[in-house]
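Chain lettering (A, B, C and D) follows the sequence in which the chains are written, and residue indices restart at 1 in each chain.
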Amino acid sequence: MLRWLTAGESHGPALVAMLEGLPAGVEVGAKDLQAALSRRRLGYGRGARMKFEQDEVEFLGGLRHGLTLGSPIAVRIGNSEWPKWTTVMSPEAVSDEAYAASDDVNAEKEVARNKPLTRPRPGHADLVGMQKYGHEDARPVLERASARETAARVALGEIAARFLDQSYGIRLVSHTVSIGTASVHEGADLPTPDDVEHLDADPVRAFDPAGSAAMVAEVDAARKEGDTLGGVVEVLAYGLPPGLGSHVHWDR
Amino acid sequence: MLRWLTAGESHGPALVAMLEGLPAGVEVGAKDLQAALSRRRLGYGRGARMKFEQDEVEFLGGLRHGLTLGSPIAVRIGNSEWPKWTTVMSPEAVSDEAYAASDDVNAEKEVARNKPLTRPRPGHADLVGMQKYGHEDARPVLERASARETAARVALGEIAARFLDQSYGIRLVSHTVSIGTASVHEGADLPTPDDVEHLDADPVRAFDPAGSAAMVAEVDAARKEGDTLGGVVEVLAYGLPPGLGSHVHWDR
Amino acid sequence: MLRWLTAGESHGPALVAMLEGLPAGVEVGAKDLQAALSRRRLGYGRGARMKFEQDEVEFLGGLRHGLTLGSPIAVRIGNSEWPKWTTVMSPEAVSDEAYAASDDVNAEKEVARNKPLTRPRPGHADLVGMQKYGHEDARPVLERASARETAARVALGEIAARFLDQSYGIRLVSHTVSIGTASVHEGADLPTPDDVEHLDADPVRAFDPAGSAAMVAEVDAARKEGDTLGGVVEVLAYGLPPGLGSHVHWDR
Amino acid sequence: MLRWLTAGESHGPALVAMLEGLPAGVEVGAKDLQAALSRRRLGYGRGARMKFEQDEVEFLGGLRHGLTLGSPIAVRIGNSEWPKWTTVMSPEAVSDEAYAASDDVNAEKEVARNKPLTRPRPGHADLVGMQKYGHEDARPVLERASARETAARVALGEIAARFLDQSYGIRLVSHTVSIGTASVHEGADLPTPDDVEHLDADPVRAFDPAGSAAMVAEVDAARKEGDTLGGVVEVLAYGLPPGLGSHVHWDR
């Protein structure tokens, strides 16, 4: 059974992801994870941050000479913006003097960054996170309840996907089915794993050009109104053996 | 409920330890873990490695300004010997040419280090680890089945101990009760948490001087015969509330 | 944390459900579970079996004088049809002679019942269950991959629902939103827990009469074609405290 | 992975044990479990209860024609003394009138049985169980914190042992090594699975006659002083394949 944990704050030194239970002999390297993380930055209407953020992937355990060892895998995803945050997000205690004298960032920005965030944003975990963990500042919540955390999952997911492909010939492909009320047309062709490059070139990763254009239009309209939209993504697995799962118990 | 995973090979770049489920607000810093790791290196009759090995502790997640955030904690324990092993233990694939040209260590040592270890040692996990994970070399097994892995547990244990002390006033102390056939005398006083410094000064961490001397003598005798010895360690918890655990189910 | 397991074959002596981790002091009795199990038999277009099947509920552990004890709860749901199946579904070994002489059912029916079921039904777990567990007969699969197993879940669910209501004032109500292409109209009122009786009186448990009629018509049409339909059910929780769950880890 | 839960109070209608995860095809029947439960009643210096208590074993799920199905196994171990306790230990609410009129036991005994037990016994879970679960009566605690609960474990253990033997040829034998300060002599022969009958004939299940006599003497002496004794039991597994467990993670 695979177990995995992720750690790391959005503006902290790094994200860390750990995966326990993978067999030995899976071929994988930092460049594979980097490629997956680049694909994670694709998308239409995303925030500016995705543009400048760089993910520095480093394996700290579980790999030797490009092959998994069977031991737990640890991946460190460095945060290229960390030098601007070493005081605000320091894991270690920071004296008031050190804080004041901090020159790791532009002084004014530093002051702004360091101000407690006491206005919890709607639609976020800010308020309940502050209540549950006893923070008077939203910073400790939003640093973890951040889309950046998904980088850790993407990294481990890439390792898992390579294992499935190399050991069982199982290949996965995902595509966007709908955003808001716009969707691919009924009966549209389904993509195969060979279509990934083609899908990645589409602004919303839809496999149907008309559907894609409609989704882009909905995103534009929502953005104009300062709103966001939900959507549906489909993941297809090819080469799956029959009979996965079991009838004997609800969670088996 | 607390969950924890550890990763990292003995001669790899680092050990990584992750702890999920700890509440926010526990005071802890790298220097606390470093102190615990220094105490881990104490002991009588240990190998030379303990002497030169340095543990560089760095928090990568779960902490801000010296306090836990409630989010998963990730600790990186750097291996100060790593520069000598960057080729032999490279996580990434290494070409034969790169291997040959490797100048990260003395060339002869490198050759020795790189030779597959095909003679599994008795009393170790070498043989069964090779069989189970399909390695023809003991290196991938012994790198993980190593006492160094316990450094990751000591680091997390120190965080847990600080949580118990700060939140509940529970304090722990451990001491050696016996090594081989030598033991502290019946009815010897039990140490309290205030005796830790005193215990750490004893070569085998026994609280009874006569018992300590007898244990040291057994270790010396065993070493002369190229043998090792088992022992018994007792952990005492002070300040424990009554009624921990439950009668309702075997594992609760 | 609550843990639960269910056991029992569809035509076996009984279903058994076990729930570990519930606090002491929850008021519940066999008649509460029986009422929930009666509601489970409601529905439009269901098989005949639901009509004659009786659920005999008996608590075997975890309860005293109508209150939970804090210890694991065990519920036995007797199968009123069991006397017809004591040979075919005997847990104990049955000799060929005993089998032949079996008079626990009409002889002809017995022969029919006992014939191995070697034609796996499409859309069921029969084939893969036979492959996975090494059965040459579909009987051992279909006996467990049966809608009757849900009776065990309903029984435990009723206990859990009473706990939520009594301890936190959390009350649940479910209703059918759509069957096939028919659904309640957009913006229809949502039911509250006080509407349960009213919902139970509707053939498909929809809260919107026009929607209900459309769903009934779709079921009738599908039945005429020997087909079945999927649908969507919504569960509403009232009185929920804010901030359930946590942002710190994906599965917390 | 195997999961198991047990339920049932000591004087309740039955113990129930559930085992999820066992493969199909293991041969087992009620008589096997009954034999194991008879062996559980052996021992020197035990309370009188063991004498008259009968264990009525019945499989409620997971078995057909003497073979496991792969589905969860449920065992009901009926309590032959239950008719004397139907009011005191009724799972269902009991009115005061019903209680007073109860004729399921001798009236005087009934009154005695029904009196709340408010003097928690030392060395038992009574006090902390009452505190933790909010009972003002020790009855709900001692009914579950009872040696009788182990009957459920013995029943499941017998199934597991048969699985190990039938599938892998692994056979187990246990024997008593010491009671109080008395023990088998150093270097005594170890029993094999073929010695079980011989061991069962010894009053304390020791394999060394002199050691057995010494243990019996210690039990007699302790009983005279109204005391009890601890001991050490050794479980030996024969036919174990090499390499069980793994070096990669502490709990694997």
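To be clear about the criterion, contacts are C-beta pairs under 8 Å (C-beta built on N, C-alpha and C of every residue); 3 or more make two chains touch, one makes a residue touch a chain.
Because the structure is a prediction, the values reported are computed rather than measured.
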Pair exhibiting more inter-chain C-beta contacts, B-D or A-B: A-B
Chain located farthest away, centre of subunit A as origin (C-alpha): D
Whole-Å separation of chain centres (CA-atom averages), subunit A against subunit C: 38
Approximate Å spacing (C-alpha centroids) for the pair subunit B, subunit C: 50
Subunit B-subunit D separation of Cα centroids, rounded to whole Å: 38
Computed distance of Cα centres, subunit B from subunit A, in Å: 32
Subunit D residues counted as touching two or more neighbouring chains: 5-6, 20, 70-72, 132-133, 144, 246, 248-249
In the complex, subunit C residues that touch subunit A: 5-6, 125, 127-129, 131-133, 141, 144-145, 153, 242-243, 246-250
Complex contacts: residues of subunit C adjacent to subunit B: 1, 20-21, 70-72, 246, 248-249, 252
Subunit C residues within the subunit D interface of the complex: 3, 5-9, 12-16, 18, 20, 23-25, 29-30, 58-66, 69-74, 76, 89-94, 132-135, 139-140, 143-144
